[in-house]
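Quick notes on the structure that follows.
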């Protein structure tokens, strides 16, 4: 694809400083880009490359100064980078056909331009919206529904009655709608509590690879619009995750916990069950959240504490053995002082 | 389904206090149940809803008093809830047929009323008991066996020679019988140690979604009767887990470790390899067990310690920076005291 | 299989002390081996069994003394054990045929003696080397390549354009080439950054079950020769892992991090993104690496610290509540001393 700098600037809603007729055919990192390529400075620590890059043009922040360079100035260079990348590398077009090697129940409703690969199984009563793509080896249980423009990667399992919104991406190997982990004790033996609810995934969600999202006991496990999960994430039954949240790899959210909007759970973090985490909360990597968190807090540690407190705490942890030695020495000194003072007093009061 | 309170009471082995002819058609939570529905109070913190619920009947503890309400009094309301839920929502009946779109070796022994979905692969010499259900995209390696009434959800891999008991449920995406992680160093290079053993899973076990259970090096990795694992659990080669144990999500059990009966490993916990954890041990969430644990202990932390000690420790952790400051100040004060006392003594002994 | 001790000694490059014509037909652990079986002492704690074992022969270290026993003395008994195990239990031979129940694009290049099971999907432009085996329900995206002698276990997903080397083993349920977790914020909403790179896996790598290895944003996520990953490992986009490294179960490596050669990441450990871990580094179980680590270091803890420091720190952790009490008591004593001294001074200076 060949495109002028002027056209790119229009797509990125940016302002040109330089030659608007410059031809661009690709995109690369600032330390690797060559003639004909456009590059980006989103992170200030790469700004030093602006004068030396071989790129034909640079997308950068509005206050950038670089005489002799072709610049597109934008308010959010990282977002502009993502948009240019998508524009220069459009997603491949799928066939829009149903492969005869798929097994699809007679009554499944299928929208326009749906692509179903071989070895897909779709149960009775399912409903697929327009432009849906289902890759090989996916299982879609009966009465499930999948919204327009959603992509389901290979080897995904979507349990019966679960509902998936529009423009959702579900990466390979993920399981949606497995039974929640619920048992009643009958003496020493566990009696399984039927898990009768569903998983509801709203529009614009992206679910990573090999996630497990359990169906609710009675109602729904619910992931709201725009939320993204990374790989190997576990979401237990009855959990609700708000909009535009972000759950990083290997995190686990225990049963019936509610996350607000724009929450970030960093990698390998976790929550106990039955708690509420407010909007805009950030949970640090490997943290274990053990109680409700109000809106806007940043926490770390297991059990969690305010992030600044955690930083101070972990900064002190290494000194713990030294502290213990100091404490022993100090105890001896204080005892010696007490003895000496007592001795002096005896001398003074004969 | 419509059923009288009397019939439900018989199923639950409970005692009616109220109208035994009351008709029940469903079940719901106590804060949502309406006329015609039965509800439950298993957790005392919901007892306050007993007087206000719109439910037609309530399953509750034997000592409950609620004049004017239809009650079924039972010894274990949570268990009664699970049983009523199952009764009112019987598991769907499978077809009891072998789909011609499955690939099954000629010599596979198949019991009565077995359901095999399309895209299932079953290797030579396998044996399926009565009423077994195998969902699409499962792989069952040669000479494996699966007991009566067992359900294998979609996309499960069961390696060759592994044995699965009766009434077992294996959730989607789980791998049973992958190679144990065993290598011998040959200089800087790893030489693979062949993993020749099997996985044996006994009756009434339930395995969550996307688990990985490795085959033993020589003999068997063994999960005994009634044990339940949650999602994304890792069980390494040669591990033995006793009866009626419970392994919560994202837990990892390292090679050759033995867990007793009725052990609970809470979420994201782990053990090192080659240790023994006794009966009735509870390991707290995110704990790392680093040595043997005798029967009946409750432990937390990584490395683990008695749970009460861990609670006290974590309660103090946040105060660590304050403690350090106090320690510095105290050291200065003690030095000042020592200097002063020394000065006094010099004055006194001229 | 029946073989003389002499033949085994040749395979293991060992020296016989005893009857070289002794016939061996199997291998077992030293506490279980019987007549006709060979056993091994790799771990000195089992050396005491040498005099009592019923085995017909023992592979052991060069300095072993056991009069009346048939010994094969080798420099590395554990490696010899692995090699004998492989020799006595050769890997089963695959059919070397392409099952007609697989779906393979017309232009796929297929080497000699390739085995493809039913329900495998292989996209356009792929290339399979000689002696490759692909088990059921694997998906291989377009333009991917798989080197000679590689085995892909069931239910594996290999995304488009990814390259897999020779003699690689990929265990069941693993996903290679899922999208990296990259989003740009557009106000409160996440905008997906296209993930256009690949995963490259070099020769002699073994990947465990249910791993997730994301494709790079632009270039490659790269796992070099001889590295082994255990189950449920997460490797994010742009990560590079050196040769002969070892990543134990449930470990997560965040985006753009580089691991050197012969690194060991123990179970449930993790790294932050964009750091460099040197050659021969060992990261302890459940550790969280938060910054670069130079060659040869052994670290533990989260955040990580030198392993010896971590041992001292965790040894002191349990004493934290005691230390706090001591500190409170000491503070009181010092204040009392200060008051007393002050009082004495007042008395002395009237």
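To keep things simple, chains are lettered A, B and C as they appear, and every chain counts its residues starting from 1.
What we mean here is this: contacts are C-beta pairs under 8 Å (C-beta built on N, C-alpha and C of every residue); 3 or more make two chains touch, one makes a residue touch a chain.
What you see is a predicted model, and the numbers here were worked out from it, not measured in a lab.
In the contact between chain A and chain C, the residue numbers used by both copies make up under half of all numbers at that interface. Summary of the copy comparison: rotating chain A onto chain B for the best CA superposition needs 120 degrees, to the nearest 5. Chain A and chain C have CA centres that are 26 Å apart. Among the residues of chain A, those in touch with two or more other chains are 119, 137, 155, 173, 210, 232, 250, 268, 317, 320, 323, 327, 330, 334, 337, 341, 344. For chain C in complex with chain B, the touching residues are 28-29, 76, 78-79, 81-83, 85-86, 89, 91, 101, 117-119, 135-137, 153-155, 169, 171-173, 204, 206, 208-210, 226, 228, 230-232, 244, 246, 248-250, 261-262, 267-268, 285-286, 314, 317-318, 320-321, 323-324, 327, 330-331, 334, 337-338, 341, 344-345. By the touch criterion stated above, chain C contacts chain A in their complex at residues 103, 119, 121, 137, 139, 155, 157, 159, 173-175, 178-179, 181-186, 188-194, 196, 210-212, 214, 218, 232, 234, 236, 250, 252, 254, 268, 270, 272, 288, 301-303, 305, 309, 312-313, 315-317, 319-320, 323, 326-327, 330, 333-334, 337, 340-341, 344.
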